[in-house]
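Structure below; questions to follow.
When the chains are written out, they are named A, B, C, D and E in that same order, and each has its own residue count from 1.
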């Protein structure tokens, strides 16, 4: 009782042990290749091209409603798209458990849109959903509509492109996270009288939640920096003038890197807020063995 | 007994209907590009007025795509491999351990994902040029690792959390060192996670225009640079040739994906034997 | 709770790939019965339980609850409770929430849930640990959570898969009593898998002894214990001395067999004729040191608390196990007798 | 394998948050010893094992292997083997590969790996199942894989956490013998956690009895069985009758206590003075039906194979447990005697 | 090992007549210029193996160019020897001091510069001392339509407005910052409408902005690329789109637009010209600069300039005087005789030419357009 434990143990108890070395390569890597360039960019954002105070670039951004609104515009696109991707992936992935014929094919098909890339998606949406595209043609020839519906070069075009590129990814992740949950737990719940829905809500979902949080974060981050599709299938001057477009214009049309940096920092900060909220929520969830892998 | 997993409850019908709807439209999206890329002229009609492979030939010659594609494959392969090698151990620590300063470390790993390349691309390229990496494949690989490593970390963490630590303890008791634990125990158990994050990194790397462009030399351009060029560069090009480029881009990714899926199954359940067997 | 009068398993079978884990199980369970499934590791006990619970689809046979065929019902609609061999606790729920889970599923009033959960926690002595997650519990504590979780629902049929295997003797005795008490006071019907003969004998109304997927014997504890139907069952029920011999003579059910220079008389179990090869079975505790007849050399002595397990090599080299309260030393020359009526003779 | 002469635990302690799971464990293990850890569920046995294995950092104390302090070594460098309570099999490896894992880690030649793995598989009787994945095994089969996996390495120290809890009596007996045989023939040192007194008594050279994280008694099986150091140990070791009484008179180590109208004589364990409140402990099997002295009414009779567990209510309402081979019926009036020297009297 | 991008020699001081030994040139095209000039360069390499041993071509979209060159220059390892760019890229680089001033110091080494067409000469003046004009075209603004659908095309700005009002959604031009014809239309309107100061989009374009806003009411959306407007014209979802000479001829050659499409200028229009330039980033070794100068000299000879006719991509294309279509490759002649328009000669001859807005004003114009014209779509829908 009196003997105190070796400092090894006391450190290990606080989480400091040899395993921390595994963090080293990634940390060094990020420090060397990211932190310096990033700090440079950060400091650049405080050096306005046209003079003014340290914060001039930020004031300029927030002082201009046209610029400021891009934050809301982006969130309005990114949040629903990321949410939809994750929420749609869950029931489908859930259905893909168990064994049935054609499962592998179906999985592959659902994952395949990952390969499409922004350009093909954009071209495809323009072709397919365009006023004389197949979609409108079918609807017109079925006399469901009088005039072609416009689904491109506006909010919906961007939204669809985010779903097409984001959903398969969310699906792949959710499916994989789901595969790590021991099906016995659900059966145990069944013997306790839980219906399908209850089992899902009370057992599977909570165990899946940390993975869902991560999936949401990743798809959100991807959606938030949507840029090419905002231009290609959106209305880049208006309803889909996303913040990365503002940064892009500053950097590559006005060649004001300082201002562009400032906008990009704001963009990162907004994302960070969402990410931190999700991570805080995640840290309150149960994260740990889900039985499936041991 | 009938198969319970696809038993037709109303929700199931709804979900499968949604999936079918998604696929039909997806087929429309992809198909329209594919058809157009082989089309001669396509005005106000259901299908083009003639078919040709000329656009592919043109693009192939114009960009020397053989070289571009092989560079792309090499670069993305390297990025995927390296980011998994560097990222997975870090994810492991972040999943398993609570240590002082964890939040700070986590934030540092998050930032490269959150920050658009505009903020750090040019200084990063400068650094890489200074040390003689940029202008080559190595520069492209290093630059692309910056957002890729954190992506691997972020995706892998929940997977590692799912693995029962006692399995690892058992391996250690049997004399497995950290390397062996990773290779023989964690890696097979994490296959779905590794696959998912590798695919993510692959997609991002192949599609990463900015960092690649800033650090590529004349012989280390990747397909996406050519694609973006054909799509947005000044000048006139036939719609079909952009479509052809996009189709080639997708085809390449598709080949990679199918190869990956051939070797590992994303639904690989470690607990698969506990699944209901098929009847 | 749907109560029932009788549960009937008709030729229930389950195969995994090419291997049969359970073959043609016929069993009829009356309401209120306490049935124990017994058998060697891997004989299909858990499989039978899983089939009954609806967790494994059958590959043959049917299950009837009174006049209703229930083998096609999903588990949650059968209303049975189950203690899993590997516990299957919900890792994200505390002990309390694990136990309350089933009650919540029934949408019982909050108060009742709280009250019944607290009572169950107390029953399994986990008051101190009620707020822990399963990952923070010891093996035995987890097992107790599993028991509480299944019984708190007072289901019409409780299935328990080795529920006490990780508990110490004292606690096991207490939990046994507790389970019997629950069974009786709530009028439950219980199917109980155990590897512990004593547990089975003391708790169950009827035993089902299985081997390699097949039922070997169904009977009351006494029947199974004193009259195992085959030498396999005897073997399993603690007849550690199984000797392959030739029957000398048969008179009614009395069979004489020669062993190590003398002849022993046993009771025939099944059809045995003179000259047949037979298996003679006797428990270590039914071989008495200091009797007359068999002679041998003590080889190994193992202390087992009050008694000693002794291995004796008879004059003809046959090795027999003896249990005795006497103290003997390895190397001693001893004589052995068989308690009257305790030698069973099976056709081999 | 690094062999050692002695392993010393000095004040080893482990706390989880605010709760101590293990407190000041002092223990010295000689090479070749077979030590059993015993104690109620949740008393810290697995914790002790994990600390020894290096899987849990200590919060107090140190562990020495001869003159080398090893508690700071990572588990894989200690060269100990361990059977986990929940098996912890590698779910993605077949039985064969699970067992071969450790050998492969040692980079032994392929042939040797194959040979030793096959031998281990045979030892645990899993030949038929060698190519299955753990998820396809029954509970007992999994447990056997865990045993084979740890012992195939012939480590200098083997730690076993309830390795036989899911096996039936017959197999358990066989595995016990097998484990002892391995222990002896390979000259292993073994620390064995079990909840089964009989197992502990019959296998171990020394027992360590724990309670609530603390060691209660360390001694040979016989010592612990016949002279439990406290009434807690007695309770745990099967002295089911624990009666709180007042000591009448004390003569040397002989104490007389009054019970239900008569007086009984017991042996004092610890300092007891006349008039003290004491706890008198006696095993059910040491109360003999038909003796003289205590009188009571049979209340419950439980069949337990050869014997019956009987609950008797004495005249003063005290309830005692008796084990007997005699057949009695509930409601019968019986007299009870205590086997001489088997009543232990503890200060309470 | 990453050593090849070490500066291969001195990069300051005098440029020799001829490189000390044959050099490799890395050429980056951000303007689509190689389509016109790659033939010239290849021929030069063939004829002068002692000057240029090998050329690598890469192509990239323009905007990120400056960043890349800047990164290389900061690190002192420039590995792009020659950039072919439009007005925007040239100006962006000049603002940031990325380009070597080849002029006027070495102007005499590129003889062809003395023979620029007058509007090309004006474009050259726009380039300052760093860029050399290599191709030129008068551009637009022009309107394109299908005669079958628009039997009487608008001839004036008012006509156009009236047509748009009568045919909602049928007049289309792409977002100016993503489209050549879009911006040409934007820059050309002040001349057509007679604005106060056609060079000052913020203060001098009152009529233009008013006109665009009114037109905006009849426009459904602005595609983000010229190609989309062409497609819309071809499939009938638009009837009139903005175009330029090159965008008129080449897509019809390629088959993206029906051959029968016709063009019309608006009354009183001025050509807003366009050109491609060759620039050399700072930090390129003098040996390579010497090779570039020789190459440029070669490219500005009439024989080579004739290749700039291409398939009407930059119609007409040549920057210097006296380059006949007859000297162009046969393929080129065939394409232009089939898809070219005889009326172009007269239009080019009869209408004044104007240089485009300088980079700053152009960005200001884009910004204003985005905010006031394109962006107003949000509130409307």
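Here is the rule we go by: a contact is a pair of C-beta atoms (placed from the backbone, for glycine too) under 8 Å apart; a residue touches a chain by one contact, two chains touch by 3 or more.
Here is each chain with its UniProt name: A = Sugar ABC transporter permease; B = ABC transporter permease; C, D = ABC transporter ATP-binding protein.
Treat the numbers as computed from the prediction; the structure is a model and nothing was measured.
Could you pull out the chain whose C-alpha mean position is farthest off from that of chain D?
That would be chain E.
With respect to inter-chain C-beta contacts, which pair, A-B or B-D, contains the greater number?
Between B-D and A-B, contacts are more numerous in A-B.
Report the inter-chain centroid distance for chain A and chain E in whole angstrom, where each centroid is the mean of the CA atoms.
38
Find the geometric centre of each of chain D and chain E from their Cα atoms only, then give the gap between the two centres in Å, rounded to an integer.
89
If you average the Cα atoms of chain B and of chain E to get two centres, how far apart are those centres in Å?
Measuring from centre to centre gives 36 Å for this pair.
At what distance in angstrom does the C-alpha mean of chain D lie from that of chain C?
Spacing between the chain centres: roughly 22 Å.
So which stretches of chain E touch two or more other chains?
64, 67, 178, 225, 231, 235-236
What positions in chain C touch 2 or more of the other chains?
Counting only residues that touch two or more other chains, chain C contributes 16, 74, 86.
Considering chain A alone, which of its residues make contact with at least two other chains?
Correct list: 17-18, 132, 182, 184, 196, 232, 248, 251, 257, 288-291, 293-294.
What part of chain B is in contact with chain D in the complex they form?
The touching residues are 164, 166-167, 169-177, 180, 184-185, 188-189, 270-274.
Sort out for me which residues of chain C touch chain A in the complex.
Result: residues 53-55, 74-76, 79-82, 84, 86, 88-92, 101-102, 105-106, 133, 135, 149-150, 153, 159 of chain C touch chain A.
In the complex of these two chains, what residues of chain E are touching chain B?
Listed in rising order, the residues of chain E that touch chain B are 1-6, 26, 28, 30-33, 35, 56-62, 64, 67-68, 70-72, 74-77, 79, 86, 178, 180, 225-227, 230-231, 234-236, 246-247, 250-251, 254-256, 258, 313.
Tell me, which parts of chain D touch chain C in their complex?
16, 38-42, 45-47, 85-86, 129, 136-141, 144, 161-162, 165-173, 195-198, 201-202, 221-222, 225, 235-236, 238, 240, 283, 285, 302-306, 309
Would you pull the chain B residues touching chain E in the complex into a rising list?
Where chain B meets chain E, its residues are 40-44, 63, 121-123, 125-130, 132-136, 138-139, 210, 213-215, 217-219, 221, 225-226, 228-229, 231-240, 242.
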